[in-house]
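Following this line, the structures themselves.
Look at the two complexes coming up: subunit A is in both, with subunit B in one and subunit C in the other.
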Partner chain A sequence: MSERDSRLPEPVSNAHDRLKALPQWQYDLLLIVGVVLATYGGFAVLGLLGGVGINSIVGFFRTVTFYAAVYALVVLALNLHWGYTGLFNIGVAGFMAVGVYTMAFLTAAPDATPAGLGLPIPIGIVGGMIAAGLVGLVAALPALRVRADYFAIVTLGLSEIIRLALLSGSLRSIEVGDTVYGTGGGSGIQYPPVDTIIPWLLERPVIGELGELLFEVGAAVGIQRSVILGGLYTAVLIAFVGLFYLFLSRIANSPYGRVLKAIREDELAAKSLGKNTDRAKIVAFVVGCSLMGLAGMLWMGSRSFVSPDSFMPIITFYIFVALIVGGAGSNTGSVIGGFAFAAFLWEGPRFVRSILNANLNLRSPPTIYDAFVELGSGDLTPLVGYLVGSLDELRFVLVGVVLILLMLWRPEGLLGHRKEIAAATDLSRRPSTPDRVAASDGGEPDE
Partner chain B sequence: MSAGTERGRFADVSIQEVIGWLLLAVVGLLVLDLVRQVLVGELPLGRLWAFTWNGIVDSLYIGLAAIGLSMTYSILRFANFSHGDLITTGAFTGWTAAYLVGGIGIAELSSRLLLRADGGAQPGAVGMDVVSAPIAIVLGLIVAAALTILVALAIDRLVYRKLRDASGITLLIASVGVALALRYIIALFYTTDTRGVVASSPQWETPAFVPIETINLHEATLVISALSLIVGVHLLLQYTKLGKSMRAMSDNKDLALITGIPTERVIFATWVIGAGLAGVAGYLIVLDRGQVTINLGWFLLLLIFAAVILGGIGSIYGALAGSLVIGLTINLSLVWIPSDLNEIAAFTLMIVVLIFRPDGLFKGVETA
Partner chain C sequence: MSDADSSPTTADSAAGTDSGRRSVDDPILEVEGVVKQFGGITAVDGATFEIERGSITGLIGPNGAGKSTTFNCITGVYEPDEGSVVFDGTDITGRTPNRVATAGLVRTFQIAREFPEMTVLENMMLAPKNQLGESMWRSVAPGTRGAVVEEEERLRERAWEVLEFFEIDHLAEEYAGTLSGGQRKLLELARALLTEPELLLLDEPMAGVNPSLERKLLEHIHELQEQGYTFLLVEHDMDVIMNHTEHVIVMHQGSVLAEGTPEAVKSDEEVIEAYLGGEV
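Moving on to the complex of A and B:
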């Protein structure tokens, strides 16, 4: 994991040196934890100063953590496509839909409408991953023949084909014998939520005892059992982020990963060196798609039904924004990008709204015309009220503007310097010195 | 579509050619089945005509938008994802102008200015149709084009001009940002509600010798405006120096630069023509459908891309032909499949054509 960026601002050069001497994974972990803690600290101070109750601050952190984890999962999968291989896949939502729908079909109760197979959740998850990977394979074979910008439109078209097919009335219910299967059209499929795996896990021997301990601690502090259960699911998601990260970093640093990077930089050159670029691209695409399927299933994990509305093309663009914020081509950047998107672009504006609502006596006029009329008579609050009331629209404007500014000023994102060392050994790295040994045990970060 | 098979290279029969032949075979079978259905009487001729007519109407507004998309694709060299929202811009600005003028003395200023965001100013009460308010409708059409051009030029100045040398994908991502920002700035003013803004279309009873009984005047307005604009663009590109420069630039940018073609002026003209046509398309779609929503252009964008890609990027005539194929596909496919699957048919056609002819049916210019 040679993702080290010397441009990261560090106030104390000494601490910076010590941080730089840490093994890469520790450095990255500290970076992620540091960003998360700093963000939470900032929001907590803002919330407390703004007079938001401690409960809504904690609720905000829970939501942000959940979204940060699910976004990080999909962004990591997309990073394999776009960041490492240079495949501009804008059909992410479609591959997620295939994963979730397959799992819903496999795990839904056989007597429900539409019926499923009633299989256990883990089998459903594996099935969903396989299905998403297979659809990725079907898409990859033709799509790789076309150029990058066409590839984008083909994948977007495919994701719309998937969504419209799931939405259509023709596949709504399909009778096989006495049971009615199908996609359920616009109302979707009911299935047991993935997070029911948590209570199941808590009945296992060791985990169960740990869980009981956690509940007792929680009871002592005054946290309810259901809150802890919800938090445990987020913890599972974070564990998956870790697994995705390890897996994708392993790929990125393998000889195969170097082929992928070579394809990204110059496919013709890679081909000339005798690399089977077509196969490498197809494998990367299929693996990424099946990870997207898995991420989709975990995302929808606390819901008990799935409908096509969850997979609008805009979802794909959110994920792209998160990837670009973090920096394409960097797994650490992907995690931070997912977090930054969830915290600042997605949930942050809502938090600001709750602060404004707590402090200002705002009312939202019905239209912006009325707001301007009252502004004309010298009253600013209706306009502010209207803007706060239209926060959902403003948030999209914010996402769009951030995307534009990134493209203008920093197209490589926060961490996406995209110069991971392609050689097996890093020739530019200093030989290890005693410093480094000393730093690895005393390298307390400056947080 | 027979042009798709003759490639001049018989030495290597690749998978692409196999797929091409398969596609042609499927199209041939469908045509045969269409003839059979008509002969057997399963499909009344009137219904077939209705599908075809709707297909032509759809292809005209898709074509108007596709010209602009194809031009920005070939001259600025990126897939402009904000083109759909230029359509939306045209729809909202144009109809606001139409309401401002047509509703004077009838409806509140607030309802007219925000295009019924508050639910006031019923289209029927204001008389928003081509017979009751022809001046307002024509004025709206002009304003739609003018304001969309201004918005596009402002966006070019703020965003795309700074990225002239960036890669196509960087510009594509920036255009997604532009699309989001533009659409939701519109939504901030006009709200996200879908609403009817056009009164039901007046019908014109045709004389007895014409086979069609009535003509929908709004549809007729769309067809006439779109056709005249398309002819205008054709004349502009073929017979003016500007048109020649534009074609030169889309063929080979470097060569055009060496020859002394003023690129920035050509880009300016590209935005004026492309955005103007997109704005008009948005305005006319609303005239035909009667409803306006902020997702109007975004939902059409993929169909427009399909048309541009089918025709081959960079070729404006290709884009028009592609629009005709897409328009007819989404309507004629209704003979065989239910209406909620027709866009799937169009997108599948786009993907299949891309596989067997990556440069489109009518070879466009290489833009990568």
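Moving on to the complex of A and C:
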């Protein structure tokens, strides 16, 4: 942004310069949309050339969009902690668990086992956010007093305590009167999935009428009602990504965001300038945890039950990978990182597998040894077959390789190199007087 | 606190070796019998001195004399084990660094502590005290954001003015981490000024600064003194101390060994011995 402004005015000659002349948010929006469309276009061409049916391509896009959106949500929340404030929170999964379980408890049917309170989903979501924020507050008060590396251990420990407590037999069922509440242990809690909020919303006055209009338009074009319902939930997720982005960008472009950045850079120096860093850190941590809870609900909550297995520490690791890929400290980078993780590292390999399966008659030997033995006889396909067959495991290797390459070539991530100035106004624009006014600054005539 | 207020002329002999202890008409800072121990080591042992409002005072002493620890006790980085620190009539002993700074006592560090991955302008914009937008909700909520933006525009003008005063405005959009050591010192001082302090504590402001920048820095300090700021400098460069301060406090082994005008201190037997390592 600043680089653009300080450049000499030159005729806007090509499309790239014209793009660069846009306001930052428009440029970023175009960047995100461009990356998504280019990726989908690339996969579509690949799929069509590879002979994959149009239905499986669309299905792939739906899966990628869902994961991209939910990853973007959590990554944005983590960016507030790690990218902005420098709080090394490696307990992301735990805060998501608190959100989802609270919502499950609030919305589950009162006659189910374990029972819930049967409240409407929006109340469940608000409750889940409050609970995740409160757990964040409880964690923050002691944890922020310890040094950064110990803080990381505290958050990891807390996240595991939460998961193991949810798993434990002693909280499995708690009888209150005639009703049996509890966490359900390893089998979890059944509750109405969050995406049933779409039909629920469609029964409300204004939204319902808009929905009917949409269905009519859909019917005219020939799209089924169920497809629209599914698409609407994805649209809700994307809308939430937009809201998160707007909210966090406002924080980033504000004096408060500046204080957070200063805490990340040098907390004692920030304190020595009179900043109440403890309060700023606690607020940022609680808000971030609450957003993680919300993201967890929108993600895991679209299944009809929740169990502790969904909140293994590896989830936190994936979120960090996505943030590092996108560029810590950049909200736009966070969204792109979430998308890139979902599209290329997570769902992309499966897509490639379906192309290979459609074109090659692959059989998967039982072990890699067998694959190499057959390779010795000049046949390459068993090895390819083995690799494709064990793709779900090999994705972990892929994630590792990508991380290593990224650290070597671009440690700041895709967009981490950008100067994103933490201020509510454009600082680079000089006030009306371009020349130095010596008198107004206390008089400093010497050179 | 009140008794420190009412008796600026000290009769007590906590420091033991006050030679030439002066009476200060209008003290802005009164340090009284400050003690700080780390384990078995007493880093500061009853340091007692006062700083005259509007002066430039030098704090010198051999390595290990307790100068930096005294600084840290004054500014709240450490909590003194004993003694009191009174700033502008208010007892600030044991306050957290941010509360000391908001009271109007701002420090710089021996090794400049800029925020490296923030631009020079961002560094500057952070400094002004009590910004509206430091509250998260006020920065985010649509109804209150406007006031925050207006304040930012005002602060921006001020930040540019101060950058121009220090002649680092051409670096405004660089990351602070890319600045040279001397430029960082200038940035730190410029940033500290934006907090509108009354007293500036500068910890070795000339260390690592080239001679021409040093001259400039000293000119700035004198100019700011004329505008009413008070300075306390820790400095090793004797030329700076002798030529640019009005009053010198010499610390040795955690307490004040002597104080007075630069000339008086220079010829003080005890000071010479302390610097030459003799027994006191």
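Keep this in mind: the second predicted complex is superposed on the first by the 392 of 447 C-alpha atoms of A that agree within 3 Å, B and C clash if a C-alpha of one lies under 4 Å from a C-alpha of the other, contacts with A are read in each partner's own complex, and residues count from 1 in each chain.
The criterion applied here is as follows: contacts are C-beta pairs under 8 Å (C-beta built on N, C-alpha and C of every residue); 3 or more make two chains touch, one makes a residue touch a chain.
It should be emphasised that the depicted structure is a prediction, and the values quoted were computed from it without experimental measurement.
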Contacts of A:V283 with subunit B and subunit C, given as first, second, both or neither: second
First (subunit B), second (subunit C), both or neither touched by A:S272: second
First, second, both or neither for A:G169, with subunit B first and subunit C second: first
Touched partner set for A:L78, first subunit B, second subunit C, both or neither: neither
First, second, both or neither for A:P366, with subunit B first and subunit C second: first
Touched partner set for A:R147, first subunit B, second subunit C, both or neither: first
Subunit B versus subunit C as contact partner of A:V401, first or second or both or neither: first
Partner chain in contact with A:A295 - subunit B first, subunit C second, else both or neither: neither
Parts of subunit C lying in touch with subunit A, wherever the complex brings them together: 75, 77, 96-99, 101-102, 106-107, 109, 113-119, 121-122, 125-127, 129, 131-136, 139-140, 145, 148-149, 151-153, 156-157, 159-162, 164-165, 167, 172-173, 175, 191-192, 195, 216, 219, 223, 227
Subunit B residues within the subunit A interface of the complex: 16, 78-79, 109-110, 113-114, 117-118, 159, 162-163, 166, 168-174, 176-185, 187-189, 191-192, 302, 305-306, 309, 337-338, 340-341, 343-344, 347-348, 350-351, 354-355, 358, 367-368
Partner subunit C, residues of subunit A touching it in the complex: 2-3, 6, 247, 250-251, 254-259, 261-262, 265-266, 268-277, 280, 283-284, 287, 329, 419, 421-425, 427-428, 430-431, 436, 440-442, 444, 446
Footprint of subunit B on subunit A - complex, ascending: 88, 142-143, 145-150, 152-154, 156-158, 160-161, 164-165, 167-170, 317, 320, 324, 366-370, 373, 387, 390, 393-394, 396-397, 399-404, 406-408, 411
